[in-house]
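There are two complexes below, and they share chain A, which is joined by chain B in the first and by chain C in the second.
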Partner chain A sequence: MNSSTVEASKLSKAFGNKQVLQDMSFGVSPGDVIGVLGKNGAGKTTLLELMLGFTPPTGGAVRIFGHESYSLPGSIKARVGFVPQQDELLDQLTVADQLRVIASFYPRWDSALITRLCEEWGVNLYARIKSMSVGERQKLSILLAFGHRPELLILDEPVASLDPIARRQFLEQLLSISADGERSIVFSSHIVSDIERLANRIWILKEGRLDWQGDLDSLKESIVRLHIRGAGAELPAMAIPGVLSLQRDGAFATAVVRDWTPEVQDALEKSASVQIEVEALGLEEIFVELHR
Partner chain B sequence: MFILNPQSGIPIYRQILEQVRRMVASGQLPPGTALPSVRDLALRHTINPMTISRAYSILETEGLLERHRGRPMTVASQARNHSQLPKRLQQIGPLVEQTVMAAKQLQLTEAELVKTVRREWEQNDE
Partner chain C sequence: MKAVARLVWTYFTGTLVSRVFTSGGLILMTVDFCILITQPRSGEKLWLAMLGIIIFFVGSSLMPLMFGRLARGHSAGVLPGGRFKLLLSAYITILLVAIPVGVLAPAGTLSGDSSIPELMKDPRIRDYVLQLVGIVFTSAVLFAGWMYLAMWFVTSQRNMAGLFKGLLVITLVIFAPAREIRDLTVSLTWNLQQIAVIWSVFGAGFLLWPRFKAARARRNRERFTGVARALAGKTAGREFDVMLGTSNPLLLLVALAFPLLVATRFVGEFPAVWLYFLTFCCVLTGAYSSLAAERSRALWLRGDWSRSALFASVERSVWRHNSVVLGVLLLAMVGIGEYAHFSARMLLASLPLLALGTLLSTYLGLMITRGLRWLEIGYAIAVMLMLLFMVRLVARENADLGNVFALELGLVALAFLLRFIARRRWTQIDWMMCRSGRLVAARDA
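Let's turn to the complex of A and B:
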């Protein structure tokens, strides 16, 4: 037993002979908000489904609150909330009925919170689900995952169909959930600016592997663009550690590097006698650079 | 109190660090001034609370902020606030360096740059 919310070691998943996830080890601690980034097909949904125990791993293990995900006891499942990419609402019901159905599964259902959020988010309790827009369905499906006040909330692209105002309300709600430092959130999204606001940690998935994981702050400090200026007309040949891309132009060069530190900069400036100016990159640019 | 831009490549905790240091050094935040709580700041700017706590902890270690149980953090009483001139100059150094570099790229003369700075300074005073 440990105090981690989620703990995975060498987690792998293959469907037939197609390897979808390989060798992923990671942890989620109370208070963490993890932003999961990856191109389409990078394995984000499979990863979240493995964590939730919807499907067994083909290698390694993932545990939630100390229990193997694939065989979670009901008492642990009740501590987890999930917003799927495709909602699982029942078309023939009204919003109020759907809320009642889900609430009946959870003894700790917080109906005051849900009533308040329905009002703030403009969700009409009497609307029939089949007549609702994709965005309205998404709001409802988020509410359904909030109501039992889960300690671990997993969201798979929850905001793709929400307008900017609704997205902001959603982010504010997630923040107030995480602000007590006790609950954890893992969410995947292509809306990088949302992740940039909300997440303290980032997982970047690439071809089924965890290409980068760590603090968002450290990510922004370690992946940067360098503007290099030599003394002469031609920049000297030099080995730039961790280089992702490089463009030379006479006495100048522009490079994007990973694992950058002030120490690396000092060493390079001295050994190659060049001047380096460091440009910080936003998360979207970092993501694109990691995929060049 | 702060101008925070989550989309900037500069991590949010560093944006907070720099702004608090600058405002304390200049006396804009006198000793005893209460800072917004981590939670308030997180909700007001819709940003992750941990990056804010991180900035506050670093500022506390530096002796710029003081933590009080059950009350907001404040600017330290004998803060090395209103710090010495060299230190304040050092803080504005990188900005000056950038401005000078840009001016040279634009092939401005020293006199032209100084004149522009003076005009800006006076306008800002009004």
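Let's turn to the complex of A and C:
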């Protein structure tokens, strides 16, 4: 039996001549909370929808619970929850009707959980969906994805329209869902602080490729800012491995580098006779530096 | 008053198009008025004024749009006396549009008669003319008010419900005054009573709406405490259809009933026109399925179906919906056939044709899995031309029934071909491509 929740190998997707994703290989295991970061147009939505079988890959494959995502059987779909970027609510219904319609598709719908969340989140069950604000609609979309207690939850920009309080409540709920270590969550967001707070693994998409994947701590250890001080009046010429940006000022220089290790630091300090001080970066700074 | 004047001015001159229409309408009306009062026997030249009045009315079409936007937005509630001023501006606009009718119509009736100045000295004739002006003016006020209401429905909702409400208002406007004219029941007093009641009710409703809304929200909050009670739904057993939008054929039936009702006033006993009209209604019924691909996206993750199994379920759901509407239209055809004296052979050939209209357009609609592209438009035009040809053929008294049925069988074969294409497309459906907007969003995100 395959223990991975999601497995992708050499996954590619093109729309006509436009290559949106290329050669992506990754895995998602139970307990993973993965934050997907990328600029607009990096392919986040395409990646998430490929994982769910909404669209066929043009190369490679992605499997969910061991099944090809493009032809998922019902038993697997029942283990997956999805919050789309653009909600798919039925405007003419009330919230209660919409919840009940969706609940009817799942044999293991947790009405108690949804009832509790409706009360906590202040979702008015009698409200007609077309009269709801964007944020309220987003809350409802999230509730619809939670109701069957999915083992894999995929969320495409879930908090973009939520106010800070609703966002906090939602993140707490996600944390509690992921706390049992058996469920996996993949979510994309532009709010880096949310990803930093919640995710234990990060995927950074850049120009259709998975530019970085790994746990948050490794990312922060790997991409750092260096403050370099030379012995003389001018810094000696030196090749800094993995440099993303560099500013020189006389005997000093500041550089942001990737794939940084203590061994690389030792080697550089010895070969160039410089002193290097390492400063850890926040996720937002890392994201910006990677996209310079 | 400054705010009201500004609003009214904007309704007529807010955009370049409205400025052109307003000024064009005014020029035409002025020119025609001059002709009416200076030229002898110029009453027949009233068409120029009528054209001017219509153009002038169109020039003010920003009114229902702006009125709706402002009334629904926050500004009318925040600005001092906002709702009242908005309402006043709407009433003034209606009066302004009605004034030219009140002036020009009597001028057209009385123009060119040299004895009029003399006759007007008679108080009874003067009263009669004033009565006439009053009736025309108040009728125009009523008519313009209803037309603005129709425009408001259509432009503010921009969906089938809005269109339906708008058309319903227009129907009332067409039917009610026509009956009054036929029965000669119209009078100035009756018009004034109508205006007083309608304007008071509308005005009170409009001004009190925020209070009503707040009270309703309070009541909802109170009801909200019974969460479990709210979860007792009323759509059990047809959730798939609800998600696909095919759960309620009554909506489409009501929407189709309206043009049918109007047609009974105008079409009369012309079998070819009826046949064309009902075939078109049947095509519209089937065309509803073009929304299925996009809507089925939400169903993909919620059931044990492959793409082909999903197509089968969608097809069943669409037919559950369409067959009800088609059944009613077939019954309507039989009823109309009786009313319009269709021959038995024509009725016999036309019933399968109606069914074919729905059949073909249903599969044309189901074929649309990647948004509407030129290819689908081409298919649709070809199918419509074939159906039109068949309508012409069936409507002929001397048409050979054998040929008609053979051609109808050909269309059945075509429907099977379209179904085959639709099914094949659904087995490879890509929900990121179902709507061009979604494709753009996917590429951007």
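By our rule, the second predicted complex is superposed on the first by the 291 of 292 C-alpha atoms of A that agree within 3 Å, B and C clash if a C-alpha of one lies under 4 Å from a C-alpha of the other, contacts with A are read in each partner's own complex, and residues count from 1 in each chain.
Just so we're on the same page, a contact is a pair of C-beta atoms (placed from the backbone, for glycine too) under 8 Å apart; a residue touches a chain by one contact, two chains touch by 3 or more.
Since the model is a prediction, treat every value here as computed from it, not as a measurement.
By the touch criterion defined above, A:E172 reaches chain B but does not reach chain C. Once the two complexes are laid over each other on the shared chain, residue contacts for A:R63 go to neither chain B nor chain C. In the superposed model, A:K139 lies in contact with neither chain B nor chain C. For chain A, the partner with contacts to more residues, out of chain B and chain C, is C. Contacts of A:N200 after superposition on the shared chain: chain B is touched, whereas chain C is not.
In the superposition on chain A, A:F15 makes contact with chain C only, while chain B stays out of contact range.
For chain B in complex with chain A, the residues that touch the partner chain are 6-14, 38-39, 42-43, 46-51, 54.
Across the complex, chain A meets chain B through its residues 31, 33, 168, 171-172, 175-176, 178-179, 181, 193, 196-200, 216-217, 220-221, 224, 279-285. Residues 220-221, 223-224, 227-228, 230-236, 239, 242-243, 245, 297-298, 300-307, 428, 430-433, 438-439, 441-445 of chain C are the ones touching chain A in the complex.
Contact residues on chain A toward chain C in their complex (touch as defined above): 15, 18, 20, 40-41, 43-46, 49, 52-56, 71-75, 77, 80, 82, 85-86, 88, 90, 93-94, 96-97, 99-102, 104-106, 111, 115, 118-119, 124-127, 156-157, 188.
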